[in-house]
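Letters A, B, C, D and E name the chains as they come in the text, with residue numbers starting at 1 for each one.
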Amino acid sequence: MAETQSAAAPRKDERIREMSPMRKALIRPELGAICGTILVFMFFLGIASDSGMFAPEGIINWGTVSAQFAIIAVGACLLMIAGEFDLSVGSMIGFSGVIIALFTVQWGFPAWFGILVAFAMALAIGGLNGYLVIKTGLPSFIVTLAFLYILRGLTIFISIATTRKTIIGGVREAAEGDPIAWLFGGKVFSGLFVWLADLGIVGKFVAGPKAGLPVVEGIPMLMIWAIILIVFGHVLLTRTRFGNWIFAAGGDAQAARYVGVPVNRVKILMFMFSAFCATIFATCQVMEFGSAAADRGLLKEFEAIISVVIGGALLTGGYGSVVGAALGALIFGVVQQGLFFAGVESSLFRVFLGVILLLAVILNTYIRRMITGER
Amino acid sequence: DGERFVLVSHAPDSDSWWNTIKNAITVAGGQMGVEVEYRNPPTGDLADMARIIEQAAASNPNGIIATIADYDVLSGPLSNAVAKGIPVITINSGTEEQSKKIGALMHVGQPEYDAGKGAGEKAKAAGVTSFLCVNHYITNPASVERCQGYADALGVELGGQMIDSGQDPAEIKSKVMAYLQGNPDTNGVLTLGPTSAHPTLAALEDMGKSGTIHFGTFDLSGEIAEAIKGDVIAFAIDQQPYLQGYLPVVILTNLARYGVVPGNSINSGPGFVTKGNIALVEKYAGEYR
Amino acid sequence: MSDNLIELVDIEKHFGPVIALNGVSVSVKAGECHCLLGDNGAGKSTFIKTMSGVHKPTKGKILMEGKEVSFNSPRDAMEAGIATVYQDLAMIPLMSVTRNFWMGREPQRRFGPFKFFDFSEANEVTMTEMAKMGIHLRSPDQAVGTLSGGERQTVAISRAVFFGAKVLILDEPTSALGVRQTSNVLATIDKVRQKGIGVVFITHNVRHAMAVGDRFTVLNRGKTLGTAERGDIKAEELQDLMAGGQELAELEGSLGGTI
Amino acid sequence: MSDNLIELVDIEKHFGPVIALNGVSVSVKAGECHCLLGDNGAGKSTFIKTMSGVHKPTKGKILMEGKEVSFNSPRDAMEAGIATVYQDLAMIPLMSVTRNFWMGREPQRRFGPFKFFDFSEANEVTMTEMAKMGIHLRSPDQAVGTLSGGERQTVAISRAVFFGAKVLILDEPTSALGVRQTSNVLATIDKVRQKGIGVVFITHNVRHAMAVGDRFTVLNRGKTLGTAERGDIKAEELQDLMAGGQELAELEGSLGGTI
Amino acid sequence: MAETQSAAAPRKDERIREMSPMRKALIRPELGAICGTILVFMFFLGIASDSGMFAPEGIINWGTVSAQFAIIAVGACLLMIAGEFDLSVGSMIGFSGVIIALFTVQWGFPAWFGILVAFAMALAIGGLNGYLVIKTGLPSFIVTLAFLYILRGLTIFISIATTRKTIIGGVREAAEGDPIAWLFGGKVFSGLFVWLADLGIVGKFVAGPKAGLPVVEGIPMLMIWAIILIVFGHVLLTRTRFGNWIFAAGGDAQAARYVGVPVNRVKILMFMFSAFCATIFATCQVMEFGSAAADRGLLKEFEAIISVVIGGALLTGGYGSVVGAALGALIFGVVQQGLFFAGVESSLFRVFLGVILLLAVILNTYIRRMITGER
């Protein structure tokens, strides 16, 4: 009897207009980012298509930049969905890079060892961040802001104290033939591009020692990492038990705790994952460019957060999508490089960025309210 | 006509020193009838700069002008650009050898360490024994090299004599004052540009030490010129950035049009601006000087 | 029905200077609805949080089916068969009904070395379980935020029942609900009880307690005032006890005794 | 007592696609307690928010003592003598009792060209008003967060009364309260009514309504089901109306009719 | 009857131990900051007392730095208590400075006009920030982050587009004899210091062009402004009706709205006040140093927030104290300068700052819980 009664209720609600099924199917967290991506591509196809932006090297170029953003955005996204955020990402990038360089160049350890140490330290610091947030109950804004300063200060101090420089070069040479280092600095599918160049689809170098090789040497490992992390993050978030816990921890930590979700563990792990992504970023950068500097990663935390927020995640946690964050990173990268291609005064880039952020968030808010019934 | 060149610097958006170069490429572009774009990493992150060079190469310009702020980071993208058949001229930081290794046509500039060392030699001649290097952008590698060169020329340890001053003028001023109060035997100051030079001037003024300390700085500005005339600043190291912007554009244009190019690198500096030669410099300080 | 599913003996709980519980003993039998009553701050919520592993008691012991147990986390208690539905914290509004339903106990499917959240099963079970409770969802992806308060409570209860709770604890499930939603929840409690599950039901409303309760325990300032069987006690007596027994008669008089 | 203090005629309120109110008329007389009843989502809160200036009605008019008025903000309504106490939003826990009490109507003292918050007066009035309601504060600086739920309600009510409200609106003030706290609030309502203030009292609990109500209006799905005088209607009938009148009898039967 | 009953309740609560009156009197929002200040001073008196840090010049030195922090901290504090925060403070400092310099130096307007324009624009932008936060319901983190980028981009763009420089000098000369400009750049009480120097309390210059003058010329207007703003903020917050509204808006905007507090107006005004403080900061800087630069104020928003949080305010609003924020600024300034006086490696400053922030916030949280009964 109780059944019939409340069963009837949602059906015969004459007070709400129904949504069309089409509209319902479209409405998803990353909708805003999808629209944004389409708009951005249309825009640049319109104004910069003859500038080489969509030639193979051009694509690799903004692709790499977007991949960079995506790597840290995935970490920031999962952490944000778990209800916290991390302002120390940028400092962590500088820190990890310097650690790797110090171990390999300064102290002569093999590159794989330096990399492992950097990852171990990053995970430890990420864990410490999380531990402090959980134990003290302070907002993560404060705790990670403290680490923004602490890590940057340490990085400068260590590198100056040991090498009297804030930039440490020669990592590439030191990492030559290392069993792990190529995973971060190498390029893959070179064969494919040689073939494409022979077909004339990709240009060839015409001068210097590389004459005859294709202008695109291969897909940088950075992109491979970005794809791996996006797929991993997406599957973890949407297809696994742990993903459900991430949503739960961010949606309402107390409620989640009460039904047995190990919220503290989830949050600490996400802080560690965010630090892990930052270290991937740092390692790729160090291995590709062969040097580490104390100023690497400045303000990257904001860029990660912006990508995630453009991608539709909720700043307060419990809602978002890794695919959205990846699209946010793509938009970010395409706009940044595209404005260069289009020849816009570079200082205006920030103005564009700010405006895109505002518009994206307003759109996302509207979409989210439709999905979650939030008011 | 209508050739397109891209100049890529390593400086963050707001670095005032690069205005001279921006103005130079505007002038050169106008005179030559070519288009010159100025690009830089917004936050001064050199890894971003590498991306910008790659991007510039992808847009197939008639030439690229770039600094070698960090050889490790930039050699790859720059030599790729060379290999694509794009003429490259390197400017500003970096050395001739590095420029050659990359395969660039030439280098127009002055290495940071040597410039610092030159400043240090002058200071040593003036009897400086204990100094303060005011570093307002410590995270940038070139800055430390300047201080290091200065220290090496004096033959003293750099150590705590280089301070991380930050970019806020009041803080720079206060930190300089604090340092000088804590280390009253300091008799030499080196600042790395107008950002740190102006507050340091104010600090010395407030402490009544104007003119009693041997003061050298990098780069020029109206205030610095004024202080040179007033005997407060002994010299400003001028690498004549105008030339670093102007010459490459002219050379690349001529290369593109007539295939002519000089065979050697050009040293645009170091020029030492002192009271003796300030008059001419002053007029255009900050814009063309 | 005779043996206790769970028994808490002489529980004490201190929060720093606050003594929230000061020796409370309660037991729950299979198939009974045990009502926990008492004034604001009497310690009801603290007591059931101790039961469900959120707090560790400062003193006292917990017996599950005669054996002493100790819960270190809500997870432990859940695994032992104790499910709790908190009034405001039952559900996470931003998440879908399925995700909420399975939260903390997601069904998994192996896929080589990996385990994935088995959505097809989860969705199906959720839909049928909800239908059993009389809630017809548009889709299992619907966000909980779009459900009404009573519907949320019902989802939480049916989740607990589905996961084979032996003891179901409800902390003020009806306080914000309308008459219809309330009777819905009470009917659900009744159904749950008939499955042989022990229910602990906290309320401030004596009528709601009388409607479904088999036994009534009244807490006052961290102590038990006593336990009564259904039929042994009248609503008015219960009410007196809940208010601490003093002075209420007077007040009631002036208002017609119908609070 | 005969004339209406406030009268709302044919109020409609739409939120985008949602029609929250669909023609509701209610009037309140001086010294009466008018109970507003109805299911979850019936539109009670929306209705009183219209009354207190939070929402502007989509259609319909509001008459204060016979004259048509239109409120653009809660401030307008307050100035016209309508005070509202919301269940969860009555007080700001981080602030002191005095600051809460005077919030929005702080007493000021001139000091040359400047006006300052007159704390000595504010504190004194707060302490005496609280004492009148039976709450003895440690100090007027005490944070509201340290008070119990019932005490917070009482502070909010006494604030409204002190500021000379002609109409006092209470949105579910008793739902989270224990018996003793509830009777306290009901007693307060009684006192307020005796001062000639019109009270609008929203509750889901028929007993609470019957205890203090003079008239009863039941809302259902945004419409009025009718208004009844005290004595004209029995608790059971009211209950039926609140639940929408259908099918509830059956349910009640199985649970002993005492919800 | 109801009286007796509940009247009795709070008195006979046998379940809570009483707090001693002494402890009660001490417990206030700024207690943590007071303790911190005492500790910091004791520390530096111990390790740096012979370095001139506590000589008159030394005091003016760290006093000026602290005053700078205090000016923006007051704005950030009131805004944070009103429940919002502003990441665009730093960009606003750069923007206002450049506007003043452009009007006075580039376009030749009198200095007072440039200053007025800068204040007007800052107030308008602050108002816009607030308006967007209120209207869209977005977190102020996002909206002001967007403005962080937009304003910085605009500043660089405008200064390059009009002067082809990002540093604009010559303001001091242009402002010579201006009726308003001295309010920001001057020094006061010079006579007092001459007198003190004659008494031997303040040292005199012994060499150089200023020989014979006191080492401390006067109190910089910056400090006067800091004091004015602190007193104004403190009185406004604790002694006025509007102050009560600020607390209410931050404590629970909805509840405040329902009792008739004009929450939107309060929040927008506080955004404007924060922009106003940033402009005071910028004007003092421009007038003192005679130049404006597009990169001024970088990361100042964090420094303001850190001062406020060290001072005991709650990041989520509704709780805090201007005096606390001022003490936070004092701690910040003393530590930063003190480390220099003490000769500590300067890059370690950031590490110290991070650690102090963490410790202060943990202490403040503990104190706040005691006051507010929060859990």
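We adopt the following convention: contacts are C-beta pairs under 8 Å (C-beta built on N, C-alpha and C of every residue); 3 or more make two chains touch, one makes a residue touch a chain.
Worth saying up front: this structure is predicted, and the values here are computed from it rather than measured.
Asks: Name the chain whose C-alpha centroid is most distant from the C-alpha centroid of chain C.
Replies: Relative to chain C, the chain whose C-alpha centre sits farthest away is B.
Asks: Farthest from chain D by Cα centre, which chain is it? Let me know.
Replies: Following the centroid criterion, the farthest chain would be B.
Asks: Take the average of all CA coordinates in chain A, do the same for chain C, and state the distance between these two points in whole angstrom.
Replies: So the centroids are 42 Å from each other.
Asks: Quick check: how many Å separate the C-alpha centres of chain A and chain E?
Replies: Using C-alpha averages as centres, the distance is 34 Å.
Asks: At what distance in angstrom does the C-alpha mean of chain D lie from that of chain B?
Replies: Centre-to-centre distance between chain B and chain D: 71 Å.
Asks: Find the geometric centre of each of chain C and chain E from their Cα atoms only, then give the gap between the two centres in Å, rounded to an integer.
Replies: Roughly 50 Å, centre to centre.
Asks: Which parts of chain D, given as residue numbers and ranges, touch two or more other chains?
Replies: If we look for residues of chain D contacting two or more partner chains, we find 150, 180-181, 183, 187, 251, 254.
Asks: Would you please write down the residue numbers of chain A that are in contact with two or more other chains?
Replies: Residues 1-2, 4-5, 156, 160, 347, 349-350.
Asks: When you check chain B against every other chain, which residues touch at least two of them?
Replies: As it turns out, chain B has residues touching two or more other chains at 13, 138, 164.
Asks: How about chain D: which of its residues touch chain E in the complex?
Replies: 52, 54, 73-75, 77-79, 84, 86, 89-95, 99, 102-106, 108, 115-117, 119, 131-138, 143, 145-146, 150-151, 154, 180-181, 183-184, 187-188, 191
Asks: Please give the residue numbers of chain D that touch chain C in the complex, ascending.
Replies: Spelled out, the residues of chain D in touch with chain C are 38-42, 148-150, 172, 175-183, 186-187, 190, 204-208, 210-212, 235, 239, 242-244, 248, 251-252, 254-256, 258-259.
Asks: Hey, which residues of chain A end up touching chain B in the complex?
Replies: Going by the criterion above, the answer is residues 51-53, 55, 57-58, 60-62, 64-65, 156, 160, 164-167, 169-172, 203, 205-211, 213, 215, 285, 288-291, 293-299, 337, 340-341, 343, 346-347, 349-350.
Asks: Once bound in the complex, which stretches of chain B touch chain E?
Replies: Residues 12-16, 19, 22-23, 26, 138, 160, 163-165, 167-171, 173-175, 177-179, 181-183, 194-195, 198-199, 202, 206-212, 221-223, 286-287 of chain B touch chain E in their complex.
Asks: Considering only the defined contacts, which chain E positions touch chain D in the complex?
Replies: These residues of chain E touch chain D: 1-7, 10-11, 235, 238-241, 243-245, 247-248, 251-252, 254-262, 314, 318-319, 371-374.
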